[in-house]
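So, here come the structures, one by one.
Below, subunit A partners subunit B and then partners subunit C, in two separate complexes.
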Partner chain A sequence: MKTNGADDKTYLGIPLYRPRVAFFEFTSCEGCQLQILNNEGTLLDFLSLVEVVAFREAMTEKSDDYEIAFIEGSITRDDEVERLKKIRKKAKVLVALGSCACFGGVNQLKNRFHDLIAVNKMVYGEHPVNSGLVRPLCDIVKVDMQIFGCPVKKEEVEKIVINLALGKSIVLPKYPVCMECKANENICLFEQGEPCLGPITRAGCDSWCPNNKAGCWGCRGPADDANVEQMKKVMKDLGFSDETIMDRLECFGGFQTDEKNGQR
Partner chain B sequence: MLFKTFAKEELKILFEIIAAHNRVVGPVEKARDRNNKPIYAFEDVHEFHDIQLNYTTTKLPAKRFFLPFKEDLSTFKIEDDKWQKSIDYNIDRPVVFWGLHACDINALNKLDKVLLHSVYPMPYYAAKRKNMFIIGIDCEPQPFCFCRSMGADTALHGFDLFITDLGEKYFVEILTDTAFNFLRELKTADALEEDHILYMKKVDEKKKQFTARIDTTDLTKILDMEFQSEVWHQWGDKCLSCGSCSNVCPTCYCYGVEETVNIDLKGARKTKMLYSCNVIDFAEVAGGHNFRPLRHNRLKYRYYHKHRGFVEAFEESLCVGCGRCGETCLAGITVSEVIASVKTGSKE
Partner chain C sequence: MKKTVSVDVKHLSRVEGHGNINIKIKNGKLLEAKWQVIETPRFFEAILVGKKWDNAPWLTSRICGICSIGHMLASIRAVENAFGITPDEQTTKLRLLLKHMETLQSHILHLCFLALPDFMHAGSIFPLIRSHGDIVLLAARMKQLANDACDCIGGRRLHPTRTVVGGFTALPDKKDLASLSERLAASLADLMTLADIFRGLNIPDFERETEFVSLKGAGDYPFIGGDLRSSDNVEMKEHEYRKMTNEYMTEQSTSKWCRLSRNSFAVGALARLNNNFEFLHPTARELARSFDLVPLNHNPFMNNIAQLVECVHVVSDSIALIDHLLSSEFTAPRQEVISKSGIGVAAVEVPRGILYHCYEFDDNGRIVKADCVIPTGQNHANIQLDLEALAKDYAARGSDDRELELLASMLVRAYDPCISCSVH
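And now, the complex of A and B:
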């Protein structure tokens, strides 16, 4: 097996292949990449599993010789489309990192407006920028893996990278946030009158928001087999307005609502 | 069984004797809901006045103290090409449960049948269950309680002592010598005939207060016949598949296991996580085939395990009628309504 890097890592005596990875960002806040740099306690271990060859937020050096591309952000401009296609050609594995890359994220809220030219004018005024419809990566190129979340959960990214290094299969939770929320012994936020998308949103965040008494906004998109229609009904029966429900469902773009489908 | 009575103020003395050397878990008020009603939970207690003896029910059962939601089954130390496994049953001292209702005691008795007295006992459960000390307490039926229908409104065994409030004093059933020895340090009196009469009266009054019930007559056979019933589809359409019913159930014990390697590659762990049969990948097997991809099937099998399969194996249901699942279900799916609909063939 080919290895690279000076201090070759082994697992149970078997040398590990250290893949060359690059991080890129498109239209986003770059917060997902920051999350990866945030966990100082395990950062060195994390960096010893992969060889980072490009990471604008963290280092000056950069190389185009990479195998795995972690891409944060949504695609809103024509030049972004071209850049993304180039990355796709070079990368063996393309990973959508975070909700913007996976579904458009918060950015895609502007897709709600029918007249995007007017939006551009209102936001940028005299200094217009080339920024159109917000699209997730998978609208343009083949995405091999999605890591959900706004921001991504560092522990989940670490687990994925460990399994990648060890050649283990990568499995994201298929169940909703409620499973983690109950395991964390939280009081259901609906009991206290707060709306929450925990019953339909994919887990993996360890019920981050409900742990802090904030209802889930669905940043990780729908769990497998999410019963979105029933969730709308439940929230309506509990007295939440259509606006409140749609605000939640549309915030990160993970839930395809009828209104949005009409525009695409 | 021995019957005693003691004055109400003696209970605090009993707490101080027990809590001086033991870990005590009891019902406490954790928060208030949107209608300003208390939300109770089983937590570690250090002061007697924190215990809410007249609690209605807790949102989560006491399960996490003997079947934790997440628990390491084993950990591994890895050095070069060698590895060393260590197993910890994750219990450092026995727990005293202060104030379990009959339903929750019966839930433990049911779990014992599977996890303690079966061919392959689960040591992680057994280690926590053994030496557990349980003080039961009488309760008032809530609108969602159907324990009486499940034969779980009284506990005949599975506790050390059970106290019932007779107004002026407590009526105490003593089942173990541990309990007897603790009570020797209190001022107790033998239960007189009048105490027994008062106790029976209290039990009779309680029976009359139940409003929720399910008819379990021939239920296993009815479930057999109604396997293809349309009502399962109707409930399946409602179900959110969130798994909360199982997580709040005092008798759900199904779990998944995950193996993870630490980021420094010097350690690994095998972790057990309580799962729910209503969750999408519960019946997904190696290779990716899912035996129950449909929501209504998963919901149905949950009922079949509780009310049919378990009955066939152990001659009793795996449901104690605590009503927690129906209370927690945002879609409003309750056991009594589901069972009734299977019988009538209609959800409404």
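And now, the complex of A and C:
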């Protein structure tokens, strides 16, 4: 890989390679991209680590010459499929940024209706617009890395980018949010009668919601070895309705739910 | 004199979401000027159907990555209105403070990161880091302040975690509120520096008579709930919002369009300011006057300045709100919620204009019907008509593709459109 000229940074005395990165968005709220701009304290440091060559939400200049593509959003239309395939051809590393890209995110809740034409009508009446089933990126192209979360945690994105720049391998936490929550010494929300998917959801957000006394909705998808059936039983025993459990399990598309089996 | 100009912008940059601009001028005559919205919809109104009430704020927050707080507060208010819940004073003040900090965050993002590069002949804020480092640092400082405040009150700057129907899951630390107040007071100087920078810019001189729609202030500059008004003297109650928006579908857009007394109307900072000038904080009002920005101002490019004025207003008002919150003991963060059937409507002024959420609930607190009308959706028709007028003006005097492209892009950016949000 080539290096990028005079203003190279060094890390522990080793010249740091600045990868050329591009940001793209599909069907999404664009919040995950905004998270990149949202950490003003380290934004300038971050920008010195990479060379941003395309970021439509923030800049007009753009280039097709990039190595890492960060892609936000899910896929809902044929033209998006084509655009995604083109990006895949150009990028050495394709990163799915956020739960919309990884699992379909909240958008995939639309898929729980079996009649998508009726869904279209419900919103647009007699003037339906072009939109199909909501799909995550990995349904269409090979995804090299997934960064979970709705929204993604900026610190985690930065860590991943630094490791990519250093050529180090990246290991996502395998354990559940509960581990972080306990390390943060929170009082368990179950004791306060609040539902929480912390026991089965992949960590990495530093138990963001429970830290704020709000239960986890599983936005980062299942932890390795998550026992969803066991979780359902425990929550039921604690008095939560099937509906409350299902609302959380199906919210971001990370967990396999019965509703979805017939759809994909 | 033969003048042929054409502009073809695909996926306009430095706006949220996807839109195209097409302009064709032949022999000095305008053939076409089109604002096209091609964003893919996410069908939030359908997604909500069948879901219990507590899902609504959590899900609709994801309509927008910039104004997630505004959506969440509108959603909460719609649910509370349907269930007959009135928030207590503490909750009301904390919500307004949170709202203010989102307004500040969003306006600074737009003014400095999205709009300013055009005026400085740059394609983004990134090259300005070298040429105008002090401005970039100022912008980063202001945005960080607003974002830190949102973390402190809402639990998270994007898709807040603490805001729920009935109040908050947790309250901010009073020590943090006190230090926030100090930082806000110090930031007023930064805002005045920013005002000086904008005073030195060449704001395009363009006017088109427009109807402006916003909440109607009753003693205060309005943000959360209340009556609706237009500058053409239409007044409505919050629950009558549909008569204010009159949505319809058009060929050139996946977002619905709106109209009221004329073929289009505008919402946003300029509309709020035009309709509620007397309720601005005195410092903010004075700043507006120094830019000759007084009602009724019909220059859409002045929406930038109206945002700047609102920054001063929300910072000043936030300091007063925090004073008030610190002067009394905190009470319980949330009240109990008992669901019932019915319809609830909420009108909330988010950074880009007035936002409506409306839900109908069945006996079990499940959503039967949902409707969200987004500010940018209300602005699309107005952007289209402005673009036509601007292009017509230009056809009569200019002939430079690039110049018109920049001017047209700046016009659309002045509305600070949130396109994916408008399509939702």
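As a working rule, the second predicted complex is superposed on the first by the 259 of 264 C-alpha atoms of A that agree within 3 Å, B and C clash if a C-alpha of one lies under 4 Å from a C-alpha of the other, contacts with A are read in each partner's own complex, and residues count from 1 in each chain.
The working rule: a contact is a pair of C-beta atoms (placed from the backbone, for glycine too) under 8 Å apart; a residue touches a chain by one contact, two chains touch by 3 or more.
Everything quoted here is computed from the prediction, not taken from an experiment.
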Simultaneous placement of subunit C and subunit B on subunit A, clash or fit: fit
Partner chain(s) touched by A:179 [first = subunit B, second = subunit C, both, neither]: first
Touched partner set for A:193, first subunit B, second subunit C, both or neither: first
Vertex subunit A angle, Cα centres of subunit C and subunit B, expressed to the nearest 10 degrees: 110
Touching partner for A:82 - first (subunit B), second (subunit C), both, neither: neither
Subunit A: partner with more touched residues, subunit B or subunit C: C
Subunit B versus subunit C as contact partner of A:209, first or second or both or neither: second
Contacts of A:223 with subunit B and subunit C, given as first, second, both or neither: first
First (subunit B), second (subunit C), both or neither touched by A:46: first
First, second, both or neither for A:65, with subunit B first and subunit C second: neither
Subunit B versus subunit C as contact partner of A:242, first or second or both or neither: neither
Subunit B versus subunit C - smallest C-alpha distance in the overlay, whole Å: 12
Contact residues common to both interfaces of subunit A (with subunit B and with subunit C): none
In the complex with subunit A, residue positions of subunit C that touch it: 11, 13-17, 40-43, 45-47, 49, 51-52, 54-55, 58-59, 62-66, 68, 109, 113-114, 117, 123-126, 129, 140-141, 143-144, 147, 155-159, 161-162, 164, 169-170, 249, 254, 420-421
Interface residues, subunit B side, partner subunit A - complex: 30-34, 39, 41, 59-60, 64, 69-70, 78, 80-81, 83, 237-244, 247-248, 260-265, 273-274, 276, 279-281, 293, 295, 328, 330-331
Complex interface listing, subunit A residues touching subunit B: 9-14, 16, 42, 45-46, 49, 158-159, 162-163, 166, 168, 174-176, 178-179, 182-185, 187-188, 190-193, 198-200, 223-227, 230-231, 234
Touch list for subunit A against partner subunit C, complex: 26-35, 37-38, 40-41, 43-44, 47, 52, 55-62, 76-77, 80, 105-107, 109-110, 113, 119-120, 122-125, 127, 129, 131, 150-151, 208-209, 211-214, 217, 243-244, 247, 251
